[in-house]
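Each chain carries a letter (A, B, C, D, E and F) given by its place in the written order, and its residues are counted from 1.
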Amino acid sequence: MALPTPDGPDANAAAAVQELMGGKFGEMSTLMNYTFQSFNFRGRKNFRPYFDLISNIAAEEYSHIELVSATINLLLSGTTKRSDRNTAKNAKAAPLEGEINARNTYHFFASGQASLPVDSMGNPWTGANVFSSGNLKLDLLHNFFLECGARANKIRVYEMVKDPCARAMVGFLLVRGGVHIVAYARALEKLTGANVGALLPIPDVCNKKFPEAAVHEKKGIHRIMYRWSPDDYSQLAEVWNGPHPEDGGELVVVDEVPEGAPWPEFDEEPQLSSPGGIDPDMLKHYAKILG
Amino acid sequence: MALPTPDGPDANAAAAVQELMGGKFGEMSTLMNYTFQSFNFRGRKNFRPYFDLISNIAAEEYSHIELVSATINLLLSGTTKRSDRNTAKNAKAAPLEGEINARNTYHFFASGQASLPVDSMGNPWTGANVFSSGNLKLDLLHNFFLECGARANKIRVYEMVKDPCARAMVGFLLVRGGVHIVAYARALEKLTGANVGALLPIPDVCNKKFPEAAVHEKKGIHRIMYRWSPDDYSQLAEVWNGPHPEDGGELVVVDEVPEGAPWPEFDEEPQLSSPGGIDPDMLKHYAKILG
Amino acid sequence: MALPTPDGPDANAAAAVQELMGGKFGEMSTLMNYTFQSFNFRGRKNFRPYFDLISNIAAEEYSHIELVSATINLLLSGTTKRSDRNTAKNAKAAPLEGEINARNTYHFFASGQASLPVDSMGNPWTGANVFSSGNLKLDLLHNFFLECGARANKIRVYEMVKDPCARAMVGFLLVRGGVHIVAYARALEKLTGANVGALLPIPDVCNKKFPEAAVHEKKGIHRIMYRWSPDDYSQLAEVWNGPHPEDGGELVVVDEVPEGAPWPEFDEEPQLSSPGGIDPDMLKHYAKILG
Amino acid sequence: MALPTPDGPDANAAAAVQELMGGKFGEMSTLMNYTFQSFNFRGRKNFRPYFDLISNIAAEEYSHIELVSATINLLLSGTTKRSDRNTAKNAKAAPLEGEINARNTYHFFASGQASLPVDSMGNPWTGANVFSSGNLKLDLLHNFFLECGARANKIRVYEMVKDPCARAMVGFLLVRGGVHIVAYARALEKLTGANVGALLPIPDVCNKKFPEAAVHEKKGIHRIMYRWSPDDYSQLAEVWNGPHPEDGGELVVVDEVPEGAPWPEFDEEPQLSSPGGIDPDMLKHYAKILG
Amino acid sequence: MALPTPDGPDANAAAAVQELMGGKFGEMSTLMNYTFQSFNFRGRKNFRPYFDLISNIAAEEYSHIELVSATINLLLSGTTKRSDRNTAKNAKAAPLEGEINARNTYHFFASGQASLPVDSMGNPWTGANVFSSGNLKLDLLHNFFLECGARANKIRVYEMVKDPCARAMVGFLLVRGGVHIVAYARALEKLTGANVGALLPIPDVCNKKFPEAAVHEKKGIHRIMYRWSPDDYSQLAEVWNGPHPEDGGELVVVDEVPEGAPWPEFDEEPQLSSPGGIDPDMLKHYAKILG
Amino acid sequence: MALPTPDGPDANAAAAVQELMGGKFGEMSTLMNYTFQSFNFRGRKNFRPYFDLISNIAAEEYSHIELVSATINLLLSGTTKRSDRNTAKNAKAAPLEGEINARNTYHFFASGQASLPVDSMGNPWTGANVFSSGNLKLDLLHNFFLECGARANKIRVYEMVKDPCARAMVGFLLVRGGVHIVAYARALEKLTGANVGALLPIPDVCNKKFPEAAVHEKKGIHRIMYRWSPDDYSQLAEVWNGPHPEDGGELVVVDEVPEGAPWPEFDEEPQLSSPGGIDPDMLKHYAKILG
């Protein structure tokens, strides 16, 4: 999906969105949980549909950290005054001065006004967030809980950050994360008969209340499991089928990856030497020499 | 590449290999560093070859965490006595007893004798390991150092773990990591003219001294940059070209992903309920009901 | 003790008060230090009065984390705009918007505007804060220092947060914490003869300078050790006796637990789905079915 | 319950048992999760039975950290050679020498051969393990998952540690933890109608397979919710009722706290100065002076 | 060098400057990296000039943590309202009230408005920041990268904090840190022949653009290596010689330590009891007695 | 003091000794606590003797981390089989194989068999170990406690590690650390009149029981405060005077730094490329070229 341009740079909005990247319930966590569970799957032959489900969702999560990162980067672009000390007349300039009260100083010191694997308090993501017990039922229960917790965090970020770029991202992830919630609920149901879907939605607000999510649900995107590998994950549909627990629509596996959106171009921030004011003539010169 | 079967289960060998997964210089670090640098790249238009290089290497790193994970899982498979308490006659059995002195108890408590995003001391990988300053030269210098540090760790794991499975993995990663070392050296050379390649090898032992690496170098794999995206990363060859700094062979970009190896099947560990002793009849029953 | 209603919601006051909960010198630390020292006490027969003292204080500390939690919860209640998305007309509402600059975003993302085991910077409390060396003199010295450090933190929170609810809590804890300071000083004196009480007060301001503490000291509460177990801790008075080192009043053991105060009711925060907008009719319906 | 004497001191068994104390799924986690959720409960009036359930379970958890601590302390008692340097003839003695390879050196350096709030790798428990979202359904789901994860850890510790003291403790906690699993399953069922109990047991081995748990289940202890407060938690039975999901027995609330067991006496470890070789005459002398 | 008086107290400026103290690239890191590498140096006889270089730079770094600390302390002095509760008339005063929104509350709770070994987000410095592989080339490469990263952080702090005291400190450290960058570049060149100096400056702005750095470079201080030990480090000049890679000036070893500047006096903060309102008469009295 | 050669390499002894380096009560902690308290001292004019005391002790601590480091390095030297892969005939060699069960793998992966700023469990030292409240009495009390805790750790390491090198180091540090204990006791006594010295020794074993400490105490080294700065710390003797609390000997300030011992040479570990097998001819060649 294509992200709209933010209303304006907003460092504290970016800091808040970091919760969805590096928070305990952020996209780093969903990505890495499913990746490790997929790597570590034992007895794959007997439980192939579950392996396929977890592995396929892991593949999709990679695009989610990309989307959250892009949102953060767009929100941070231009937060400080653009200027190049190499060319600046005023030696006394303090282009970052305006952000001395910003909540996440790592955005200005550690990164070039860009995303980091940290949460909304700047604390780094940790491998301790990965759960991979090897017991299938327990791992699926964990994943179901993790996705519900992730949903709560997304909703709360939505409630805090009004910016249309952030909300478009959250709306989309509510829908795709919603697919994962239902997927793990279905998997638990197949495995045990428990009607886990009856717990939904958690928290008690449905996606359709969020315009930026509703727009995707209208297209049925909350009922589609994209199959990310042309040659693999063939038993997905043994779990992903039947009616959606919230609106009763048919769950379907689609054998293609969703069309990508144009990746936003992030402008240079010369006051941070990001990416750096290298003389292009020098660059060409060396390129010629080094061939 | 296909991993050979280990000589036997070996919990402390697996614990040691974890350094290459979740250590500061493990594959989680290389993967996530390049992923974030790729996401955060500013001024891409002017520095496209460098963006392509970093992004393309990030893509390859994903297969490296997979390979390290598989090695750990193979080494851990069967470390404890396989038995199923559901069917066990001896209620007093302690199937994990033999590993009470194992260095990494998380392998037995937190995972089902499988890999975790932790290092050789069991400490979790952290987002603090990601460096993404936004300054291109500094990020490239970091990456060059990171890969050299990673190489030192690989060599030391090789020196400690004699198991052929672990060494096959290390040998392969020495070669592919070696490609990344040269890539970042080349990028710095293109950008500045400094002959960074003259620093190599770091540490001062060349890959060819390791039989499991030499076998790949003989095929020239240390001179190949695989292009992981059919539609992107088209300017790779503007950096990846010229002679290899150690043996002078021609650096080449190859427009395909290396053929995968069969993914090893990991046996069940019923004493850990991994994946779990679910009654297959019950499973079929519910599958029918839930449809 | 009953907490007064805060002057108004104040997220950053709540963030500051967290230091007294999850800080290195917060109530989590005093509670857990004495709990573990009590569990781990060796040679109890020969040192029973000291065991009784530590165990009894541990019991009281539980009520202190409760009190700090209640203060934080009261300060956070209503900090954001109350609204229920399930019933909201305005789909564009951002009820948490006003707190995008709040220092502790965990209060809004991780909790439902409520207390967490973290300090004033949002860093989680850690078991590394527990000291339990097993050497009685060293553990008592630690406890004496810990309580003095805790006192310094309480005073500084008092100096920062003017809210009457927070100050009433601090005032009360200064008095009860003061009892613990004297208790550990007395224990060291009994054990060694050193007049540790002569060091007090640390820091160099006495409780009576704080009106919210003075009100309790007037009632003599700074000289009372409540005995929390009807059947145990019978040798408390062998340590807790003699004159108070600061005002010379008689130290007394009282064989009852102080009367509790009404627990404040915390209003719902529907914009956070806390506790959640479950349809009460549905609830009754299921209750009937499930019986 | 009374703990049997261990077969002998065993430092690495104690190190393993620490997972049940300070691990992510240890008793510190269950205690603190429910304690904070209880403190933070919003809208208590409308959801009183759930508040009562969580608060009452929190109260029971305190006795569980005590039990795990006692087990660790018993296993560590006597692991090193008892001797008192104050009286030792051989100035060259190294009484801890035998434990230089012990997995958890904190047991010998930081504590006096006693329990610490750390896990089986010696990593400290952290407040990051507490989940208290404020959304009731999500918190209950978390608790259900947490207890299942805790159960998996208990079973794995049982599989590793054969010592009868450790196994008696695990057996008892499997039963009481099992009560909490069912309690949160019931709460979710009451709240939503989903038959969460059908997921049990997780992992897929029932308590009755463990002799040390079966002995308690025979007495029906897995169906009893003890009410820990004489004046409170009166609505417990609105959730805790109906048939046990595994064996169909009737769930009952019992209005009393289970009879305590005699607290084990832990012998002195003079080689660690624990509690310390204070001259008893000196002690009496000062006691007389200080009065 | 002597620090100018700040324009005024500024808590968030102090919080930002902490990055240069306890950040991953702060002076704690440079100090401790070189200290450990110096302690751990193997094969010193064959590589003496490198040992001398690293050890000598370690010695200088100690003065750098002192300088950063002094800057922070000056910026924090007077941030809150000075008052002494022991003498205050108004019992209701809240002298720290004005800093309830300050980014780093540890400055007011944990320290007496003074520096701490933490970074700009208040996260503590950690030993994980120390790299000491033992391989000389790798350690030198690390140090070169570390100093470049430290330089980037200094520049960014300069861009954010306009205060003349902070900028004087940064200007001086840019110059001295610049010496260390060149030193490690030279060492790598000596060892391998690679012209590492051609990478400079990293980031792509030279020191002379910063007036507070330029003033020192005019005096040639960027070309001087001070020898910190009268009896040691005699082979420094075997590495530190030749032309400066940026301006071509001659690198020189100077056999003396730079003249110290007067250490600033930090005023008391009585509202924090720092250092504490001890009665001077009492003090004299005891001094006489204890004499 | 000169360290004796260890009885033999011993990796787990080295791992244990790390507690005295990077543990909460290790020499990193004493060094950094006093360093920061010295930097942060407010109101120095009125409390000069205390400033002098803390600063002077800070200076001595630097030599203590050096001594602990040297001990660790000596114990680790030769733990693995020395061999150089560049010259090794047997390509299959695994020189580190013998240490696959060593408790601290960082010694072999992260360092070149050398010390690291970590504790006996391999956990890194953290700035959270620094206490610098600004309140003089509280800081002195902290320091007194810290030194007593450090003493307990030293004794326990002594009890575990029989190696003469380790014990010589511990014996010496018991004496010098003992000086610091008495120094802070004296400071508290001067400031308040409390006879804190009566608490000693903590733990309850006196230094003279340890032959390696007794040898220094016989020379009176436990009564000497060395003055580390020729031009400063002139008011030390206002605190450091009177009788030693344990043996009554006169406390004296000595205006010189103790004579250093020869720094041990650490042999190369070629199997770790530490420092690295650089061709000496190449080295000379480049040295000539680069001049």
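Following the convention adopted for this analysis, a contact is a pair of C-beta atoms (placed from the backbone, for glycine too) under 8 Å apart; a residue touches a chain by one contact, two chains touch by 3 or more.
As the structure is a prediction and not an experimental result, all values here were calculated from the model.
**Student:** Treat touching chains as neighbours and tell me the shortest step distance from subunit B to subunit E.
**Tutor:** 1
**Student:** Identify the chains in contact with subunit C as well as subunit D, in label order.
**Tutor:** Joint contacts, listed by label: A, F.
**Student:** Count how many hops through touching chains it takes, at the least, to reach subunit E starting from subunit D.
**Tutor:** 2
**Student:** Superposing the C-alpha atoms of subunit B on subunit F takes a rotation of how many degrees, nearest 5?
**Tutor:** Roughly 120 degrees of rotation.
**Student:** Pick from B-F, C-D or C-F: which pair repeats the contacts of B-E, with over half of them the same residue pairs?
**Tutor:** Equivalent chain pair to B-E in B-F, C-D or C-F: C-F.
**Student:** Counting only C-alpha atoms to place each centre, which chain is farthest from subunit E?
**Tutor:** Centroid comparison gives D as the farthest chain from subunit E.
**Student:** Quick one: subunit A and subunit D, Cα centre-to-centre, how many Å?
**Tutor:** Averaging C-alpha atoms per chain gives centres 37 Å apart.
**Student:** Report, in whole Å, the distance between the mean C-alpha point of subunit A and the mean C-alpha point of subunit B.
**Tutor:** It comes to 23 Å between the two C-alpha centres.
**Student:** By the touch rule stated above, which residues of subunit A touch at least two different other chains?
**Tutor:** Residues 24, 103, 110, 121, 123, 128, 131, 133, 135, 137-138, 152, 192-193, 203-204, 272-273, 276, 278 of subunit A each touch two or more of the other chains.
**Student:** Touching pairs of chains, all of them, please.
**Tutor:** A-B, A-C, A-D, A-E, B-D, B-E, B-F, C-D, C-E, C-F, D-F, E-F
**Student:** Could you list, by residue number, the parts of subunit F that touch subunit C in their complex?
**Tutor:** Counting only subunit F, the residues touching subunit C are 24, 128, 131, 133, 135, 137-138, 141-142, 144-145, 148-149, 152, 188, 192-199, 202-204.
**Student:** Touching residues of subunit D toward subunit F in the complex: what are they?
**Tutor:** 80, 85-86, 88, 91-97, 99-101, 103-106, 108-110, 121-123, 271-273, 276-278
**Student:** Mind listing the subunit E positions that touch subunit A in their complex?
**Tutor:** 12-13, 15-16, 19, 23-24, 103, 120-121, 123, 152-153, 155-162, 203-205, 209-211
**Student:** Quick check: in the complex, which residue numbers of subunit D touch subunit C?
**Tutor:** 22, 28, 32, 35-36, 39-47, 65-66, 69-70, 73, 110-118, 124-128, 130-138, 189-193, 238, 241-242, 265-269, 272-276, 278, 280, 282-283, 285-287, 289-291
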